[in-house]
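Shared between the two complexes below is subunit A, which pairs with subunit B and subunit C, respectively.
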Partner chain A sequence: MFVLSINGNDTQVDVPDDMPLLWVLRDVLGLNGTKFGCGMAQCGACTVHLDGRAVRSCVLPVTGAVGKKITTIEGIGATDIGKRVQQAWLGIEVAQCGYCQTGQIMSATALLAEKAQPTDADIDAAMSGNLCRCGTYARIRAAIKQAATGQISLPQTVA
Partner chain B sequence: MKIWRIVGVVVGVVVLAGVLFTAYALITVTHGGNEQAQQPAAAGDPADLPAQMARGEYLARAADCAACHTTPGGRPFAGGVAFKLPFGTIYSSNITPDKETGIGDWSDDDFVRALHAGVDKEGRPLYPAFPYTSYTALSRDDIVAIKAYLFSLPAVHQAPPPNELSFPYNQRWALGLWSAVFLKKERFQPESGKSEAWNRGAYLATALGHCGECHTPRNVAFAMDESRAFAGSELQGWKAYNITSDKEHGIGDWSEQDLVDYFSKGHAAGRGTASGPMSEVVGYSLQYLTPSDLTALVTYLRDVKPQRGGEPVPPAPVAAQVAAAGGLGEQLFVGACAGCHLDSGQGRQTDYAMLVGLRSVRDPRATNLTQIIINGSSLHVGGQEVFMPSFGDAYSDAEIAALSNYVTSHFGGQQGTLSADDVARRR
Partner chain C sequence: MMLRVDPARDDLGLQNPSRRELLKQGGLVVAFMWLGGASRVWGFADGARLDANHPQFAPNAFIRVGSDGGVQLVMPCIEMGQGAYTGQATLLAEELDVGLDQITVEHAPPNRKLYANPLLGDQATGGSTTIRFCWTTLRDAGAAARAVLVAAAAQRWKVDPSQCSTSRGVVTHAATGRSLRYGELADAAAMLTPPAKVTLKDPSSFQLIGKPLRRVDTPGKVDGSLPFGIDIRVPGMKVATVRACPTFGGTLASVDDTRARAVPGVLKVVKLANAVAVIAEHFWAARKGLEALYVEWHRGPAGDYTTEQLFKDMADASEHGTPILGREAGHVDGAEGKLISATYRLPLLAHATMEPINATVHVRPDGCDIWVGTQVPARCVDVAMKVTGLPAERIQVHNQYMGGGFGRRLFEDSVEQAVAIARQVDYPVKVIWTREEDIAQDRYRPAYYDRISATIDEQGHLQAWTDRTTGASVMAVFAPQAMGKNGLDSDLVECAAELPYAVPNLRVDWVRHEMPKGFPVGWWRGVGPTHNVFVVESFIDELAHAVGKDPVAYRREILGADPRVKGVLELAVEKSGWDKASPGARQGRGIALAAPFGSYLCVVTDVEVSPQGEVRLRRAVAVVDCGMVVNPNTVEAQIQGGLVFGWSAALYSGITLKQGAVEQRNFNDYRVLRLNQTPPIEVYVVPSKEAPGGIGETGTVMAMPSLANAIFAATGVRLRTLPIDASALAQDKQSLQSPVASASAAGAVSPGILA
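Take a look at the complex of A and B:
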């Protein structure tokens, strides 16, 4: 039996201690906003926050999350930065198929919490582990800048 | 002609000496040395052994029997693990109490003799892939305890595949000659001037843990070169690092806590993470050592004579070096590796993914690094699996070479010079 702090609420779960956090979130607690992608920390779809840091929940055993603050996509809108990122995502219409956007938003929010005004290189480094097979990277970058500056940002297009 | 007579005598003497030596080797091959030796204080189980763990089970773990006698996913101790050698493949034996395919009808004396003299129940020499050159130092009581534990487990009816060795390596009797020269059938002798912990550590490292079998360089006859004990070696494509107390080449610079962390968790921050064969040692064996045995092992290792050998490891840098020339290697790292390892090399969600300070990223030949990229890594520790997926099928030789070179220069501050051909040879 573990007590997990998820989006500000303490939740008891009775699961094996090597169960990945992603399984606990989706299959045990029904928090389906976090997505399963590759299962080996290669795509970033399952990204959640652990004490504010972006981690891949598919390879994180539940015991590694005990005693830490877990934030998922369901709770990210309750934070100031998370709310700004979500609004920018809507404003720029980042998503195409949308499967990766949970992970993208979680990684983007963690980046902005650490660096309020990230450069292009900061964005590339922080977001490199989050794949988007629709190729919306230009819009993702624009949305992060818009969330950072509060000013409308246009996606860079190929000249 | 007088000269021919002299040659004849010389040849005769050499042949006679050969015959006598062979006779001596064959007669003594099953002798185990002094079987009446008193059990030294350094042998046995530690005082802080948890009561629920049987003494024999603890000793079997400390001797890491499972790593060679259990196939991944197979039944415990049923054997069949393949050892690919330059002259063929041999398979480990079934050491469960099955009477036909295992050791079910071995007596205590048979089993003790196997570990002390390196022969099977019938007295035939065993291949020294079985580390009897180290186990010969074990006390009889400890060996009998290990056997009692093995006999408490379920018998598995499973014969290992037959060995595939070419002539002359398939001639088992000839191993008797090797043993006569290189196997010192002596029990562990405590050093009187050293502490109890030191002696216990020596027993753990040299007899039970048989660390030297991988970490001590071998001479031309494949016997451990004891004058260079623990100075590092290379086997099965992996580097077994220098673990002497040399500060640059060995582990003399590691703190005691670093060593305890490495043994018990398979990871010491900024020092190393156990991978490949060493991840098996931690997973099957070292993580189960009691606190007193960990302390003893550390005490001994810190006092091992420093030896130079292997790549020198300059002091670990505190952070990633200034970005080296990017290109393909950097692109690959950012795309496939930074997700877990982070651009800074600090590891995203676990210390195990930390690259900064590791010896594997400071080796310009990137021996272990390329193994891990090609084959991935898996460490079972504390009831969990820490793993990295393999990238050998995803990337070409040239890509893996570029990635290796980027990692060794970016995180290790070394000039990586690996070529695609080097990578091809390591697959």
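Take a look at the complex of A and C:
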């Protein structure tokens, strides 16, 4: 039995020691916003925050998350930066299929929490672990800059 | 997939009614919906969900207006990221005169009679056909519904309908200042017969079409609340994962499941003819159980097959096989001039959708429910009938949002497998493939071996052109009835048979060379044009260099008569600065020009190639003329995304076979482009009043040749085999031993496991 702090709530789970946090979130707790993509930290779809740092939950055993503050996409909108990132994603219309975008938003939010005004190189370093098969990378970069600066660089969607 | 935008052919045996008939079939679709076809509603607005007890107005298969005011639009084509729901909703809402913020959208249930796409001959989404299929059909449906609502209001007010106007879901009679909301008119409208003929808006009065409207599906995609197929949870559901025979056509020989059954949470090991699955309380236990199995396979007749064998066989077939004619013009044999020829080889490709393959199935004695994201809902019913023996009316397919399709979800193999697993237990099972299974058991884009030649005069002008492609037919598997009378799968010659250049004598043909029995081939984003435009546009570049001409200047000289081709070429030249600043050392600029899927595109890609041969994309300019644009935001997104998809494949992706099995396993060895490798991409849309062309696959088509041509410009190395071999691009042997100047930023990613 483990106690996990998820989005500010303590939650008890009875799972095997080696179960990755991803499957605890998805299959045990029903928090489906964190996605399965590769199972080996290659794609970033499963990105969550552990004490504010972006980690790949598909290879993080549940024991490694005990005693840490876990934040998932379901809770990120409660933070100022997370909300700004989500709003930029909406304004620029980043998502296509959307499957990877929750992980992208988690990585982007962790980046902005660490560097309020990231350079392109910072964005490259922080986001290159998150794959997008729809190829939304150009808009992801623009949305991070918009969330950071508040300045609009691309046409916004309307209505 | 289908190859041209002709009207539906009668010999396809289409059940799709004409749109006039569609307008008359409201009763049938209403009945179907209440039988359980309505699975789930997602929409932009918190619009009231229609209730079976509420009288409502459903004039056709696509529109329902509840008496409570809810407007629900039913989407004949599915959403897999390409913006189809927003585009379709825009067409309906434009003529219905409602805002996109006033509607909800719903997946269409499986019903070929109502929702088949005549361009594909089935209820299917693909081939960049959605807007082309829906452009008239859905505007007609919206206009007919609007006309009936206006008639109902006019009747109530006893005024002439022509004096009434509509806007944002309200009918107004300006002369008397009266107005009624659509919901208030739903009951009365339901009693009226939709008109047989409607007048559509003039494009100058469009309120929604052509505007960068927000997608109807985005909010749930940025907060994690929108469920994909893999997110389905059904009461009593268990989770399974599966491994099929790694060699195609092989079968399961034996399974020792002693260790697997000892894994906590594992419930059952299920054997199929060619696969074994582990069902457990959750995915982690299922995966551990699967890894603990000891499985032996009968490898099958192709158990020792290799990629080397495949290309050797295709080369033989190209020389000695019997070609099937795609198109012939004039006489290629009599042409005089210099003969230039080349051979191109394109690899097998996997789709690697971000959402791994999955399906949730509950088989009961009296019925079967399937929750899955699919491009072919009606085909999922077909395979469930086959496996369960249940009649169609006992099978419900609840279609879901998809984490990417790219053609993979045009095949229902994984649904058939999931039903076969679920029928062995009495509870619902969610079957999830691992990424390794996804790469190893895809429906692969076929490999191609193409021999192309041109006879040119002293200026380089084309006197004769031959193009022989060799490869497997996807159409023969997907829709055999669509094969041509001479055995032609026209996908093999699409964008090869019709060139944007003036060619007096031409012969384009195909040697059919099938993969070993049991090897699965499938549609892959861009289909035939992705393959052919790479070969044609690379070869045009070769010809330009052979006669010492600039690739743009050469294309201008040999262009055909279509002004839309010239239009995109000239705008791309201007926007890319082609004629201006020349690139630096080991930098190059490549161009590609084509007219795939009813649209016209010209793409210029800039690259830099390191001394070690690593290709860096610097910039891309894409110009598209796709006729009238429904949503410019979607067009830009699809072009950008399509280019990334194509560059990924050209640079990194290729499926190879060893001892009959796929060698690649995951994103580490089936690499795709990452954010740090993606250049700025500028997209310019040529204003047009022509009917819409397709857009979803066009970027992918243009990516590969523009890249390969840029690499030639940078290095002088002509790449005729994909994926690109970086070692062939190294400056010299010494440079391969020197340190890489800028390491990939991918190394900076924070690891998943805590330090």
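One rule holds in what follows: the second predicted complex is superposed on the first by the 154 of 159 C-alpha atoms of A that agree within 3 Å, B and C clash if a C-alpha of one lies under 4 Å from a C-alpha of the other, contacts with A are read in each partner's own complex, and residues count from 1 in each chain.
In the analysis below, a contact is a pair of C-beta atoms (placed from the backbone, for glycine too) under 8 Å apart; a residue touches a chain by one contact, two chains touch by 3 or more.
Keep in mind that what you see is a predicted model, and the values were worked out from it rather than measured.
Legend: residue contacts after superposition of the two complexes on their common chain; A:17 is shown touching subunit B, with no touch to subunit C. Judged by the touch definition given at the top, the superposed model places A:129 against both subunit B and subunit C. In the superposed pair of complexes, A:148 makes contact with neither subunit B nor subunit C. By the touch criterion stated above, A:72 is placed in contact with subunit C alone, subunit B being left untouched.
In the superposition on chain A, contact of A:64 is made with both subunit B and subunit C. When both complexes are overlaid on chain A, the residue A:36 reaches subunit C alone and has no touch with subunit B. Of the two partner chains placed by superposition, subunit B and subunit C are both touched by A:53. Subunit A uses residues 40-44, 50, 53-56, 59-61, 64, 124-125, 128-130 to touch subunit B in one structure and subunit C in the other. Partner subunit A is touched in their complex by these residues of subunit C: 80-83, 99-101, 211-215, 217-228, 230-231, 233, 239, 264-265, 281-285, 287, 352-356, 401-406, 432, 434-436, 633, 637, 640-645, 648, 666-668, 672-678, 680-681, 744-746, 748-754. Looking at the complex, you find that subunit A touches subunit B at residues 17-18, 40-44, 50, 53-56, 59-61, 63-64, 124-125, 128-130. Those residues of subunit B that touch subunit A in the shared complex are 334-336, 338-340, 343, 348-350, 383-385, 387, 389. Only residues 15-16, 19-20, 23, 26-28, 30-46, 50, 53-61, 64, 72-74, 77, 86, 89-90, 93-102, 105, 121, 123-141, 155-159 of subunit A touch subunit C when the two sit together in their complex.
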